[in-house]
Amino acid sequence: MNSYALIPFLPLAAFVINILFGRKYLKENAHWVSILAVAGSWVLAVMALMDVLNGNKINFDLYTWMLSGGFKVSVGFLIDQLTVVMLIVVTTCSTLIHIYSVGYMHGDTGYYRFFSYLSLFTFSMLMLVMANNFLQLYFGWEGVGLCSYFLIGYYFDKKSASDAGKKAFIVNRFGDFGFGLGIFVVFLTFGTVYYEPVFSQASSLAEATYNFLGYDVHLMTLIALLLFCGSIGKSAQIPLHVWLPDAMEGPTPVSALIHAATMVTAGVFLVARCSPIFSLSETALMVVALTGAITSLFAATIGLVQNDLKRIIAYSTVSQLGYMFLACGVGAYTAGIFHLYTHAFFKALLFLCAGSVMHAMGGELDIQKMGNLKKYMPITYATMLIASFSISGIPGLAGFFSKDEILWMAYAGESPVGKFVWAIGTLVAFLTAFYSFRLIFLTFHGKFRGTHEQEHHLHESPKSMTIPLVLLCVGAVAAGWVGIPALIGENIGVHNYIAEFMKPVLGHPEGHGTHGEEMVVMLISIAVGLAGIGLAYFMYIIRPELPDRLAQQFQAVYRILFNKYYVDELYSFIIVRPAIWTAKNVLIGITDGHIIEAVVNGVPSAIAALSSGLRKIQTGLMQHYATIMATGILIIVAIMLLR
Amino acid sequence: MVPLHWYLTLSAAVFMIGMFGFLTRRNIIIMFMSVELMLNAVNISLVSFSHYLQDLRGHVLVFFVITVAAAEAAIGLAIIISLFRNKQTAHVDEMNEMKG
Amino acid sequence: MPIAMPNLTPVMPELVMTCAAIIMLMAELVIKRKETLGFLSIVSAALISYLLLGSAGTTFGGMFVSDGYSSFFKLIFMANLVLTVLISPQYLHTMRINFGEYYALILFATLGMMLMASAADIIVLYLGLELMALSTYVLAGFIRYDMKSNEAAMKYLLLGAFASAILLYGTSLIYGLTGTTNLKDIAEYITNNGLAENPLLMVSMIFFAVAFSFKIAAAPFHMWAPDAYEGAPTPITAFMSVGPKAAGFAVLGRVFLVAFGSVRADWSLVLVPIAILTMAVGNILALSQTNIKRMLAYSSIAHAGYMLLGIIAGTPAGISSVLNYMFIYAFMNIGAFAIVIMLRTEGFAGEEIGDYAGLAKTHPAAAALMLVFMFSLTGIPPMAGFMGKFYLFMAAVNAGYTWLVIIAVLFSAISAYFYLRIVMLMYMKEPAGATLLNTSPGIGLALAITVSAVIFIGILPAKILGLAQIAVSSF
Amino acid sequence: MGQTMNNTLGFPILSMLIFLPLVGSAVILLMKRENEKAVKMVSLLVSIATFALSLLLFSNFDKSTHLMQFVERQEWIPSLNINYYLGLDGISVLFVLLATLVTILCVLISWESIKTKTKEFFISLLVMEGAMIGVFCSLDFMLFYIFWEAMLIPMYLLIGVWGGPNRVYAAVKFFLYTLVGSVLMLVGIIVLYFFAGRTFDILELMTKTYPYNMQLVLFWAFFAAFAVKVPMFPVHTWLPDAHTEAPTAGSVILAAVLIKMGAYGFLRFSMPLLPDASRAMTPVMLTLSVIAIIYGGIICLAQTDLKRLIAYSSVSHMGFVTLGIFALNTQGVEGGILQMLNHGVVTGALFLSVGIIYDRTHTRVIADYGGVASVMPLYASLFMVLTFASIGLPATNGFIGEFLILLGGFAANQWAGVLAASGIIIGAAYMLWLYQRVFFMATNPKVAGLQDVNMREVITLLPMIVLIFWIGIYPNVFLSFMHPSVQHLLERVNGRGATAVAENVMMQILK
Amino acid sequence: MLQQLFFGYYAFAIIILSLLVVTRSNPVHSVMWMLLLFFHIAGLYLFLNAEFIAAIQVIVYAGAILVLFLFVVLLLNLREELSLRQVAGSWPSAFFIVAGLFVVVTAALGSYVPGPVGAYSIAAVRSETHVKALGKLLYTEYLFPFEIASLVLLVAVVGAVVLAKRKLRS
């Protein structure tokens, strides 16, 4: 057995140990098992990276999982450039967040439980990214969903938490529905669900059509869009984005790990992984790009007005995920993955900082009740500030490079909607900077607006929490340096390493534009970022009363944004409530109750009624008996004779 | 010569009259007598068949019918008597403890 | 004119039965313990069963025939006799009607049935039928002081006489048409003289069908049955629900297949609606009964409906399935009645269905036995009742009456409802009070016999079916 | 015959499996009523012995052939050519194992919860086991029918005597519903018997061909019996009542084994005997299956009763099974069979779990629960596993079955596949909502202070949990049993060489 | 012609008397009419050369059975009986049913085909006398039913005693 198989199985072992023995024996020491396991995975992941850098591609089957007729699928692993990037992202973030959790979750009653879930999550996520076939991908896909469910609903005695967990799972199932169908179509057309044969044969089927539900559709478009359904769910894109903000009910490390750095990016990973298929369908790519663009704008606008610390970051995540899809949709998979990679660091950092703030604030999340925290929590402030700069695309930081790459590829790529999505992307960059700094200013600057008690308790978080912050901060700053665009890189003598690295898997489309254009695009993005920060500074530091006035003035807009465009309400109205109403009033009330059961109970009661009716004929009077006999004779004789 | 049909029709008529009595009369004894009437109707046809077929088996049968009728009457009347002891009635519509 | 001594071997069982009955009448005067008479009856039944083995033959100028068919029915009558005698003494005691004539009359009735089963001549048939009927009338009215018993006897007798008159009318017509009363000769005459299409023959056949339908309690000629069954002493109800019914089927089978064999198409046309109506009436009306004897009466009506299927099929398989079913029915039905009898104690009728509530709690063994009988009557394997129905349905399907079988199975599903109600009451309801059981060794033995027969035949039916098939082969 | 393989074990294992429980129940019958402990011990020992014996099937089964194995044949009713004819193939062998396992669990779960008529209870349970094994082993249609019907008796008692408040209604409903279906099948069997030249031998019946119209009629006659048992959509309403009112052991047997028999009947009888009708009726069957999936799922959303909800979920899950079976391709059928097993394991375990908590609270109303996870953490985790197995999460058995079924179903009929796939969304919705209402949120005072599961209860659930993961992670152990048999079945139904689903599809597209 | 007239009278009398039997409200009258009826029937039997049958018709029926009836009828309280409704059930429907039956049966009688002619011609019977001929038949060919008939009578006796005995013994 290849030792890389241990990468996922170490966390699995940790999970098993923790769940079995955590409650009784490990208790406060549960984290050791998980951390050691995930650290081991990280080491192996780094080794895998080395291997891949040396040009090896690892692909092996562990055992046959399912075999039925022509359908065969294994548990097997594929480690190529894309996988290894994901491996690094997942194991690194996971390790750091494990460590962070030691401090954050300290004293919680479900300590062992938390760590076992984290380990299980890591296992699932690694299975997802390391899969060499669609079904195992689906396995990991559902596995991370499960862990997400567990961890969102970690504080299960809170109704909102358990609601949110449930919602996350069910909403994801909508996406998985399409994903599953996608796998079916893949199998039915390619006869296999392994990546290698599928991707290698994809081009030969580029023009094929497939009769789907009676319509002849372009095969590749069909597969790509069905698979993309899964991405929409997992990565919280419109229209399935509703679960992610609610998912913030989970403990903050979870939000950082699952709902920022790793799991939610699985959708992007899926698109990138299936790039050979997506690339064959212009329509599918367009859909991906537009979905990403619209989602990013949509989420960003909501993020502008939210007051919940974690939700703002969550909307930001949705928005950034949209960005990644935007990149994939214009064919710049590398850019998407690059952004995924940088985003993992700065977004995880943002969340962890938020967690640190919560920790200090005693669980308070309303940024309107914070302020001036920089005085009490310098490390948190510093790291969060850097992360916010990074996300706002301040040159030199990780976010700048990836975002710029995306915008440039959108602008200069071959996509017919490229210019449009570029425009949106730029707008979003502005909004992103604005709300990120709105957050910073409201939280760390100004006057403290919370209670005295809270103020009294304010303190910097323990080492186990701040060290991961710092380490992630390094990532948020430096992670982008592997992808410095040629425009800048040429001057300082570095390559766009990541693009070259990923090229064998994802290809690397060249932008069709001059250096000048590229420069302009880059400057615009820097400018809007700075403008956003500036506007935030203006509104929240210089003229703090302005936001309220604006809210008053544009009340309708404000309310729509504040209520997230009423999407939750809409879904409740068109899906949840009709389903339950149908169940209650139609299925139980009419079909089961009044049709089927009416027949089922009606036949016996009709027979019973007939019975009591017929009983009346048996009067006890002999004449009647004889009369009936005689009638019987008459009828029989008459019929037989007249026949 | 009287045609056989006349006898048969007579027999049928008596049989039906007996049946009519059985179907309508309220008094058990008269119902009984109606049955006897029906048996006599059968006897008439048996005897006439015998006569016309020049065969005595019909007569044998009539002989047995009369025997059985006597036995039936004996038991029937015994039942009526024991019924009488319990309930002073010979009316069939008062014997409807059991129905339904 | 020398009178040749007829061959008595075939009638040996009947002779023994006659002697036994007459001895019983006389012994009654000297024997104080009437149970002894019961024992004697059982001994004579055993002897007769033994004699049946070597009794094959025709005698009395072809009026009496002892063949497999009749012997099988006689076996049923013996089982009926033995079981009835076993379940009687306790009841007679409780009801204070412990007269010796009881046993003699049962023997006479059984003798009548035996004669019917063996009758090859309508005269013998008629006399056997009357012998059976008269004895049964008396038995039904045996509880003299009980109005219900009188009423049962009265209704049974009057309607029975009415049916006899109809039978006789039919007989007179067939006699007039064929000049004979011998079944074989009738058949021969009909075929030789092309009478098959004659309307008068049809009328005669219909009158026979009606009279026999009355005996087997087939609708719409069944109406005496519920009243007579309810009012009669319970052991006699058990006796009546098996014996006369079996005898009725015996003559129905013989007369229709032998004498009217050439008009089979016509009589099956007559019997099909009767069968359907019988199943319908029996099963549907049983649903709303509250008296268990009455419910079992309707159930026995329904069972007659199923058995008619075998006659309608008219094939050897059909007839043998009727024999088989009747045999099984004897055990399961009398078994059920044995439980009914056990519930009857001094001053407590125990005949209401509600009286069975919670029996499983107070008397688990009795409840379990009743459960077996009820499921057997429903026709649920592995009880014998299923096997009986199964053969019937097989035969009917093979004869092309699949649609009729579908009706029959649906009605048998309906029947589950009222049989299950008893089980439900016994097992799923709480007892209203302490129920006493009136047990005796006789009833115990009867129950042991019936329950083992029901289960044994249910699981290993091959023997009994083989016997029934052999019985029919000599038909 | 060339259709069977001799029993290599040297002793009649199938008869022993059938009769061991029956002998056990006879022993209990002779025991003193007061000696409850001994009654329980005997039933436990008998059920364990039966299970141990059945493990021999697992180890000695030849997976390389579709032929019937462990065959026994005795003349039974020679005049009608009815034989005591037993044997197993890849389709049936797993169900025997399931039945024997489930019985042990039922004995265990009833250890303390059955307080009245204990003796009768365990007799019924063991008789039930014998009959269930008999159903799966029978190779004679008549023998099959006898076991099939005989099961009604103990089940009727189990529901009606030891069930909930409305038990009588439920028991009678169950009995009559299934009886009506079965008797129609009986007529069908008889018709088949005569047409095929007087034989009930299933293997021999399969070698004949029947006229199409007759097949059609027989198909519906069999449908009446099997669809009620499954239960398929319009005839499902007995199930919620029966499940809800039955005692835990009854619900478990009902869910785990009994309702499998309907689907098993389709596989063993309808499809191979009536291939043309089966093929022709596929659209109808698929439609009904899809309706069952969606209908059963949605109706769960409005349930307020714990057991009723699970019962309706069974309707939905069994919809998947029939969908797979009538997909008439390898993946569908194998998925269907596996899903039968899965549903048996999962829903059986769910009922066991409900029984565990019902014993403590004596309420089935969901609203009476809440926050159980805080009070009974171990129980909550076990239930969680079952919940996700029911939802069909990968790594649990539910996923394997549903995936194969949906794959097969999609291949057979895209609409069916697509609509059925929506069942996985609904399934997640009602199960998670149930879990939330029972286990999450603030602790309901009614459940405060409940004892967590004890050792006996954990042992009861453990085999199911192990199976859930075993099948989920390494299903080939189980799938491998069925390959040759399913292949053979499909060749019979579809004609030789037409079984491939996807192997050649690509080629067609390329053309 | 004379024969027809004779038959006409008997037939007319029998039908009228039958009707009287079933319609009289006084049971005693009914019995009396029935007595007359039986004599007429006996006369008809004579007409049909069935002397012995005619004799037992008078002796058994008229002499024994009817007396028995009369005896039982006299148990009734006649005065009360006369004041009561005499009909049970609905007589019009009974009438139509019976009339219908009569119609169909007589219609069927139209298709009567005589059976085979036997050995007992009127002359043969006369030469032997009816009683002797019948007796021979009964004791040879019909010995068996004859014996059964005796049992029937025995049962009747036993049954009547059991049912009508005054005292209960046990």
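Details
Letters A, B, C, D and E mark the chains as written, and numbering starts fresh at 1 in each.
The rule is simple: a contact is a pair of C-beta atoms (placed from the backbone, for glycine too) under 8 Å apart; a residue touches a chain by one contact, two chains touch by 3 or more.
None of the values given here were measured: they were computed from a predicted structure.
The minimum number of touch steps separating chain A from chain B is 1. Chains that count as touching both chain D and chain E, per the definition above, are A, C. Compared with chain E, the chain whose C-alpha mean position is the greatest distance off is A.
Here the chain at the heart of the structure, going by C-alpha means, is D. Among the other chains, the CA centroid farthest from that of chain B is the one of A. Looking at B-C alongside A-C, one finds more C-beta pairs in contact between the chains of B-C. Spacing of chain A relative to chain E, judged by their CA centroids, is 102 angstrom.
Rounded to a whole number, the gap between the C-alpha centres of chain C and chain D is 43 angstrom. Centre-to-centre spacing of chain B and chain E amounts to 6 Å, using the average Cα coordinate of each chain. As a whole-number value, the distance joining the C-alpha centres of chain A and chain D reads 37 Å. Residues of chain D in contact with at least two other chains: 176.
For chain E, residues that reach two or more other chains under the stated contact definition are 88-89, 94, 97-98, 101, 104-105, 107-109, 112, 114-118, 142, 145, 149, 152, 155-156, 159, 161-163. For chain A, the set of residues touching two or more other chains reads 604, 615, 618, 620-624, 626-627, 630-631, 633, 637, 641.
Screening every pair of chains for touch gives A-B, A-C, A-D, A-E, B-C, B-E, C-D, C-E. Residue ranges of chain C in contact with chain E, taken from their complex: 1, 3, 6, 11, 18, 22, 25, 60-61, 63-64, 96-99, 101, 104-105, 108, 111, 115, 121, 123-124, 127-128, 130-131, 134-135, 137-138, 141-142, 144-145, 153, 175-180, 189, 193, 195, 198-200, 202-203. Residues 123, 126-127, 130, 134, 137-138, 141, 144-148, 150-155, 157-158, 161-162, 164-165, 168-169, 171-173, 175-176, 179-181, 226-227, 230-231, 288-289, 294 of chain C are the ones touching chain B in the complex. Residues 104-105, 107-109, 111-118, 136, 139-145, 148-149, 151-152, 154-156, 158-159, 161-163, 168-170 of chain E are the ones touching chain C in the complex. The part of chain D that touches chain C in the complex is made up of residues 33, 75-80, 116-117, 119-120, 142, 145-147, 149-150, 152-153, 156-157, 160-161, 167-168, 171-172, 175-176, 179-180, 183-184, 186-187, 190-191, 193-194.
Residues 3-4, 6-7, 11, 14-15, 18-19, 21-23, 27, 30-31, 34, 37-38, 41, 44-45, 48-50, 52-53, 56-57, 60-61, 64-65, 68-69, 71-73, 75-77, 81, 84-89, 91, 94-95, 97-99, 101-102, 105-106, 109-110, 112, 114-122, 124-125, 130, 133-134, 137-138, 142, 145, 149, 152-153, 155-157, 159-164 of chain E are the ones that touch chain B when the two sit in their complex.
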